[in-house]
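In order of appearance the chains are A, B and C, and numbering begins at 1 in each one.
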Amino acid sequence: MLTILFDGVAYGMLLFVLACGLSVTLGLMNFVNLAHGAFAMAGGYITLVLVNRAGVPFFAGLPIAFIASALLGALFERTLYVHVYGKSHLDQVLFTIGLVFMSVAAVDYVMGSQQVFIQLPDVLQGRFDLFGIGVGRYRLLIIVVCGLLTIGLQLMLSGTRFGSRLRASVDDARVARGLGINVNAVFALTFAFGSGLAGLGGALGAEILGLDPTFPLKYMVYFLIVVTVGGTSSITGPFVASLLIGIADVAGKYYVPKFGAFVIYTIMIIMLILRPQGLFARATGK
Amino acid sequence: MARSLLEEAAHRLATRARWRPLEYVFWLAALASVWHGALHLPERYLILTEVAWLALFALSLDLILGYAGIISLGHAAFFGLGAYAAALLAKYGIVTEPVLALVVSGLIASVLGFATSFLVLRGSDLTRLMVTLGVALIMREIANQIPELTGGADGLQGVVIAPILGLFEFDIFGHVSYVYCLIVLFVLFLLARRIVYSPFGLSLRAVKGNPLRAASIGISVNARLVAIYTLSAFYAGVAGALLAQTQAFASLEVFSLERSADLLLVLIIGGTGYLYGGLIGALIFKLMQDWIANLTPQYWQFWIGLVLVLIVLVGRERIGQWTGGLWLLAERAFRRAAPGTASLAAPPGKGH
Amino acid sequence: MPVALETQGLVKHFGGIAAVNNVSLRIEKGARHALIGPNGAGKTTVINLLTGVLRPSSGRILLDGADVTALEAYKRVRRGLARTFQINQLFLDLTPLETVGLAISERMGAGNNWWRLVGTNPAVTAEIVEILGRFNLTDVMYERTGHLPYGKQRLLEIALAIACRPNVLLLDEPAAGVPEDERHEILATVAALPKDVTVLLIEHDMDLVFAFADRISVLVNGTLFVDGAPDEVARDPRVKAVYLGESLDA
């Protein structure tokens, strides 16, 4: 049972790293980016090509995935997304779904439609026993990396000037502009950073979640659920939500295989029933 | 000819509901298309059948999106339920006569609509998008988890559809399918038209425009929304049943996000809020999809995605205005050709 | 005199702030009651509580003696309570003809009829024309509401509430935003309201208030300050202080 918990925590933390960019974008720019998973997929495939074909070591591939996805995110943000910021949520949803369709088909064309696996270094393979818990080495890596990232994010938000500018912009963009904060630059940097995190998550997650061209579609719902349940006004909300969902999903699929998948959908609907406005309405009431 | 004030007022109130000449043209063309094969034109009955039930599906979404202002990203839930219901009813011989099975499937879908309607009553547009998507995905997962009944990822095999009314057997060329779908579309269209121009329909437009004020003049907003949502689910279920009956097949992808997204695209192309948007949009969409699929059979989803992106960048209202503008132009041309026909009311094509 | 509308200890909290604090009003049938107070005093919140747009944190609301505190907004309309909004809340895509028609057919219970076509009920049509005539809107009744000038929209706002044939009518600053030369039309309309309709009026225009009201309540920071006949309120030094900022000893 503790093994299940461990696996669930690993899964949850991975979800968090993948989804927190989406949460911040939604909370910051009030923008629904359903194509977030595409950046994760990009990170996964870039790492795949580098590690499997170019012989780059796995541990070097991870930060490269982050940087590459961040650059991709910045590029898309400045050229495409910026035109859609002011539009209605329906428009944003349609726009990003369109991007997802395009990216899924493009990756299918370039890389083929089969599921792919990144070659892991030997040190990450297998499990060892720790106080009766079956600790998978790869999952341990995920927990360590994601845990460090989470702590780093929280420190950055609360301790740095960028962090306070970000929090100010989330709270009230107009006032933040009035104070001289370059909100557009904050948006662009945050979007890039969130996409980078997604790319890193995609590279890390390839082993556990499975990497194929339909990744953005398959996991979009999970990201949305994290954001729904966790809210958009902090880091801790999505973090707790991701853990909850990770554990619930793993436990659900293990104990009640028939209904495992429903657990998270049901959680999402219940949350939306209980707090339909509360989760997406910002404190300032915009 | 001077009408009294009362007569003029009554006339003006009823103006929206009057049949426009262009509407007659549309349905006469649809009727004529039934015989296009006999005119030695290339036979496209199969694709026209798809246009017909897609049009009905789009009409169902227009009822809630264009008239009540409810956004849904998961209308495929009702479509898929109707499809599986019809397929299963036929396969296990529970209801063999297709028209009866059609109605039963629609009713089953409407039960789901009624049960989930309370989810879309409150909350922002974003909440509604998420919730409706969630419901569709749950339906898909349910179908996935009971492959004994639904055939799972391979789809439901061995479905045989009996002749319609015991008389008209489905043929492989799609003649019977097309006429069947067209008649169902027409009948349900007439019903929708009646409802939309009734006091109930007017109150829906009030709710869409200003729900706060609607409640303040005594309209029971939630009850109206539940009613139209349930009706919309019925229409979507019937459309799904038509797919299942004309293809003798149903599979998991009837619940997919792609289906709900394609449906939104259909309504965007055609425009919402004037009932014909779904019909016109379905025709254009299917023709476009067919053309693209002939060019690149494997990657047509890329081009659909591109169309979505471009439409949003250009602006949905502008597209709706173009379609609405064309409609108005056609209308004006027609009135010049046949003066004395019904006057024009508020122009269509106003998107959500 | 029977009481048309009454609140008992009405309280509404937003976060830590009491926007409405222990407000008890008694409005008699047929009264012309004004609710005045500085901006932000909570007057519109009181109206929103009375009509059911907001739920009170505590307290009761009685309409014609019946407890309606938990009753939904649209049901209170059917019990005879109607209101206008400070900022016009109209159906911009509908014509005045259709707008007023909606209110009338709802009142008649024919609002959810899905089979009959709009315009085929002569009783409704006749009443629409009569009401719009009374409010001088006949010449614009076929136009889209969104295209009407502000003054006409304001008249429609009141006409719409009247179309519900309320027993109690709540007017939230009916003259707000109306240009000077169109104000008199609004004021005359308010003055001409039927005598058996109970009216609660929120207004800043003191001329209108003192010309119209037979009873005035003053709301300050969510609390009912003074409640009495117009001349009592006019002479009360505390009211002057609140409005003019003078100290109480002056």
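Going forward, contacts are C-beta pairs under 8 Å (C-beta built on N, C-alpha and C of every residue); 3 or more make two chains touch, one makes a residue touch a chain.
Note that the structure is a prediction, hence the values are computed from the model and not measured.
*Asks:* For this assembly, give the contact graph shape among line, ring, star, complete and other.
*Replies:* It is a line, because the chains touch in a row without closing up.
*Asks:* Using C-alpha centroids, which chain lies at the maximum separation from subunit A?
*Replies:* It is C.
*Asks:* If I average the C-alpha coordinates per chain and also across every protein chain shown, which chain's average lies closest to the global one?
*Replies:* B
*Asks:* Between subunit A and subunit C, what distance separates the C-alpha centroids? Give it in angstrom.
*Replies:* Inter-chain centre distance comes to 50 Å.
*Asks:* Per the centroid of Cα atoms for each chain, what is the distance between subunit A and subunit B, given in Å?
*Replies:* 35
*Asks:* How many angstrom between the C-alpha centroids of subunit C and subunit B?
*Replies:* 42
*Asks:* Which residues does subunit B have that touch at least 2 chains other than itself?
*Replies:* none
*Asks:* Do you know which subunit C residues sit against two or more other chains?
*Replies:* There are none in subunit C.
*Asks:* Along subunit B, where are the residues that touch subunit C in the complex?
*Replies:* Against subunit C, subunit B makes touches at 5-6, 9-17, 194-195, 197-203, 205-206, 209-210, 212-221, 223-224, 227, 346, 350.
*Asks:* If we count contacts the way the header does, which residues on subunit B are in touch with subunit A in the complex?
*Replies:* 71, 73, 119, 122-127, 129-131, 133-135, 137-138, 141-142, 145, 257-258, 261, 264-265, 268, 298-299, 301-302, 304-309, 311-313, 316, 352
*Asks:* Touching subunit B in the complex: which residues of subunit C?
*Replies:* Per the stated touch rule, the residues are 51, 53, 72-75, 77-78, 82-83, 85, 89-95, 97-99, 101-103, 105-107, 110-120, 122, 125-126, 128-129, 138, 141-142, 144, 160-161, 163-164.
*Asks:* Quick check on the complex: what are the subunit A residues that touch subunit B?
*Replies:* Spelled out, the residues of subunit A in touch with subunit B are 32, 80, 83-84, 87-95, 97-106, 108-109, 217, 221, 224, 228, 258-259, 261-262, 265-266, 268-269, 272-273, 276-277, 279-281.
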